[in-house]
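Okay, so subunit A shows up in both of these, paired with subunit B first and subunit C after.
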Partner chain A sequence: MFGEKTSNVIIIFCQYTSATDGIEQVLHWLDHLQAPYLRVNCDKERLSLEYLDLANDQIVLRHNESTFDLADVSAVWYWRGGVSLAVPQYDPSSIVQEIFSEDFGREAVKNIGMEQRTIASYVFGKLFKKPHINDPYRTSVNKLQVLEIAQEIGLKVPKTYLLSSSKQIAELAGESSDYITKAAHEGIMTTIGRRFYNGLTANLADIESTLLNEKFHPSLVQQCIEKQYEIRSYCFMDEFYSMAIFSQNDDTTKTDFRAFTQDCPNRYVPYKLPKEIEEKLLRLIKRLGLNCGSFDLIYSAEDEYQFLEVNPVGQWMMTSVPCNYYLEKRTALWLKENTVQ
Partner chain B sequence: MSKYCILFADCIPVRGSRKSVISDLTRSKTYMIPNSLYDLIIQLSENPIDKVKGTIPESQYPVFEQYIKFLEDRELVFYTSHPERFPALKEQYEEPFEISNAIVRVDTSQGEALMETTLEQLEQLRCKHLQIILEQALSIVELEAIAAKITDYQFRSVELDVPYHESFTDESCMPILKNNRKIQNLVLYNAKEDRCVTQANFRTLEGMSNLFYITSGAQDLNCGQIHRNLFLSSMEFVMESKLKNNCLNRKVSVDSQGVIRNCPSMSESFGNITETSISEAIEKPGFKKLWDITKDKVNVCKDCEFRYVCTDCRAYVEDPADIHSKPLKCGYDPYKGEWSDWTSNPLKQKAIEFYGMQELVQVQETSTSQ
Partner chain C sequence: MAEGKYSTVEYSESDTLASLPLYYLRLYYMDILFQEDKDNQLYSECKFNRGITYATPCHKHISTRFNLTKCLKSKE
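== the complex of A and B ==
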């Protein structure tokens, strides 16, 4: 595709997972807009470095059979998966077996790995200075730190604790409000055998107190906010695409809307956050060094916006489809023109 | 603070000449309502509920309460003090494709070369939905081979229509659906009964797989009824109906002789696939001439409450001389609000809820312009 000199190449890093349907849509739009792109499937492909000339600021990269000049890359979109440069595989015993010991071979392989990482961080650093969506080096944020910054900026956040003993839990239970517990990092999501496990949010009152050890691993406990509705807001290049989620009518979804029922699906409707909240969320996203992100908020029974969390490489299809936002087209247009339309 | 009672944005109210409907896009349901309830919904979207109630004579309160209860019970409305934070769905329908659905007739006795050419071209155009009508009887083994061949192409969903044969049973046909997940509907036409077996276990990208036995013949398959009906009351269908012709937009048909048309029931040909490619044919003048005829531009339909959930037809119309004439196969008169013939109505009846409601008599007008 890039045999000759090609300019304005869009690089897309992605994974083949169930969530890639949105990716396909964006790629269809890029085809339709006749914008050339190169898709790196991070599950099984790597870019590799062909040549670098520091003085002339030239970097030539290879993807399968084609090579391209970094200067010709017009935009980059990172969407999940590991990003690194291809490394030739060495067998430690073969490298230097005739001269040195196998231990030295192992050291040498480790050393080559470090070389490679130095090169990769330089090259990808340059690549992600181009107009880009998401950043492979900022795919996760520290939830606790985010809550702290949100609070500083003036967003309301639910009371949050890390508790490590049943005594502390009992003290909290003495208070009037309800509490929930969830992962401080990310909920576990895995398939073992034929079962799919998805770590959701649980109500503290539902956890049998006799099951709790006296001391346990510090666990994130948060005040349960009684909600009128939840808000999912996707921020793309300073624009907000928000959605209200009504799930209150059905008890099964009260704590976490992802556990929805089929018969009476929740309502997902377009939403417009007040300017003041959007401005605060924008400040938060800038402080975290992100340019896109998906926010979770609650509109409480007390008519307050409570900030819950931000997801840096946020799911946007789940907002785009029910709200008819056409984010897949916007994303493609942005990659082509680098402007929001 | 004053409370508003407003419809969720995914519930679309449509007013007809005598009656109205609310289409619940998320739950794929259409409710028939009196026009006075439609008018009330519009007033409620612009005024606090107390203010609206204040304009209604006390004698009408029971009807008003009945209306509100109807909306609440079906979870069509919610209450808020900030209606400005709940914008309507943007009316937009776009796809990065020239063709999104195709109806291809295949005469297997002539070999499969024509079918292969057609499918290759459709794949290149990135057509999403394919309906294939096999005209010749074939054995289970032959059917399996064709199903496997079709599955190799990049279509999102496929409906495969085959003449019924006694050897076609649930047991012999289900494995075909199981092994070819792209085939959403396997339709056995000229069958002895009308029956549908749904396989919840094997999902296609578009939903569950179905095995249909239908008594009607190959000619009636032209409208892709089974496939299209699945889209009724969906966001995609309603948005397309508002902006495009919901049947002919991005559609192409290739018959068993290779003739390319917009729709198999239309006479106008745009070339033969042996000489003209599909992408050339669709760019010929006139191929897309009906694509912009929305229901709002069709006589009678434009006054009908079903106009955004009802599949249009331009091939069979009441007055063939008038391009904006009403579809022939419709037994509904929106000016009377009555069906003359249920069997010929193009709507999926099951999805419509009828609920006897009195009309609300409003003496005063609510002033909405302030």
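== the complex of A and C ==
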């Protein structure tokens, strides 16, 4: 690899142009620890297969001008981006048509696509059998399924509905509680020009009723839990690194702390969840087949921990920096030693 | 609108909202400042709260850092 044989190489899948928060800090620690690594910027480059020998369990991959043997990989960190192999692209109308027909070309391209996915799925399946952080095939979880499992495990979750008509909203409005709405998957997050759009959690009471149609897209609606504070807890290899966020006293962050302002910053402090809650969260993360995740919880006015959701890959810099958890160092050490330190 | 502050998108009556999920009816946005630093290295800069500016350097030759580490090792 890279001109001479090297073992114990760490492979890092991330992005070059966005969501780089945390990557640089971990790479600096890996440099300091003199741990060899290969960064694959998934948005700009891909690995390609050079050779596979099933009997001898040998897979040789290429990254740009260099090749390496999977046997030399000691750990893998999936951080961001789509993981796929670089494969030839075919245009059914210009290449295969010359020999057969465009209809055959389209079928051939579909068939070759399945061929490529079969190869990629085997290669990455082998790669992610190595000690790894996160899994590219489990970057997203179904929020509704997660809430259901959380309930089964014994965590408290807010009353949750999927509503699709203003009549159903009106019926809820008759109850004493407030309700919020948020994305059932992930809120839209996109930059158009120099404007960044973010689909945050919104209080139903803040939505102008004139905008409501009689029927609308099924939307996730949850009981609004009055909170003493929010908790962001990052689980890394069965260890929890938690932070309390005092967002309740500011109207702009009361519903979603991500809508923070410079005028009234939230207070972030290190926090220790009760063992019982950590054990339940750990059971949840195992049921979901994850080894890391960032949990959102609320500590309610009724002194109860209410589980909201889990982000499988998670952003941990926002917890690490204010709480001095040095998760970037822990991540680098784990990648080098495969043990939590 | 001040930079770095979230605001909600204002819809007009002519916008078609009938089929959108509810949370789209209160969508947030924030303006982002991009700039290059004096070393001509590309930075994406976002101004958030607490007066903190997160500046993320985008290393142009990041994939070759492994080679650099190897070179340093061999010099030792």
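The working rule: the second predicted complex is superposed on the first by the 320 of 341 C-alpha atoms of A that agree within 3 Å, B and C clash if a C-alpha of one lies under 4 Å from a C-alpha of the other, contacts with A are read in each partner's own complex, and residues count from 1 in each chain.
By our rule, a residue touches a chain if its C-beta (ideal position, glycine included) is under 8 Å from a C-beta of that chain, and two chains touch if they have at least 3 such contacts.
What you see is a predicted model; the values in this text were computed from it and never measured.
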Is A:Y271 contacted by the first partner subunit B, the second partner subunit C, both or neither? first
Taking the superposition as given, does A:Y37 touch the first partner, subunit B, the second, subunit C, both, or neither? second
Looking at A:F307 after the superposition, I want to know if it touches subunit B, subunit C, both of them or none. Which is it: first, second, both, neither? neither
Quick check on the superposed pair: does A:T201 touch subunit B, subunit C, both, or neither? Answer first, second, both or neither. second
Identify which of subunit B and subunit C touches the larger number of residues of subunit A. C
Looking at A:N64, would you say it contacts subunit B, subunit C, both, or neither? Reply first, second, both or neither. second
Using the superposition on chain A described above, determine whether A:W79 touches subunit B (first), subunit C (second), both, or neither. neither
Looking at the overlay, what does A:L211 touch: subunit B (first), subunit C (second), both, or neither? second
Return first, second, both or neither, reflecting whether A:F246 touches subunit B, subunit C, both chains, or no partner chain. first
Kindly list the residues of subunit A that each of subunit B and subunit C touches, one partner per complex. 31, 265
Flag every residue of subunit B that touches subunit A in the complex, lowest number first. 8-10, 26-27, 75, 78, 80-81, 84-90, 92, 94, 96-97, 126, 235, 239
Can you name the residues of subunit A that touch subunit B in the complex? 25, 28-29, 31-33, 228, 244, 246, 249, 264-265, 267-274, 303, 321-326, 329, 332
Interfacial residue positions of subunit A with respect to subunit C in the complex: 2, 6, 9, 16-18, 20-21, 24, 27, 31, 34, 36-41, 45, 63-64, 163, 181-184, 187-188, 191, 194-202, 204, 206-208, 211-213, 215-221, 252, 259-262, 265-266
Would you pull the subunit C residues touching subunit A in the complex into a rising list? 4-6, 9, 11, 17-34, 44, 46, 48-51, 54, 56-59, 62-63, 65-67, 69-70, 73
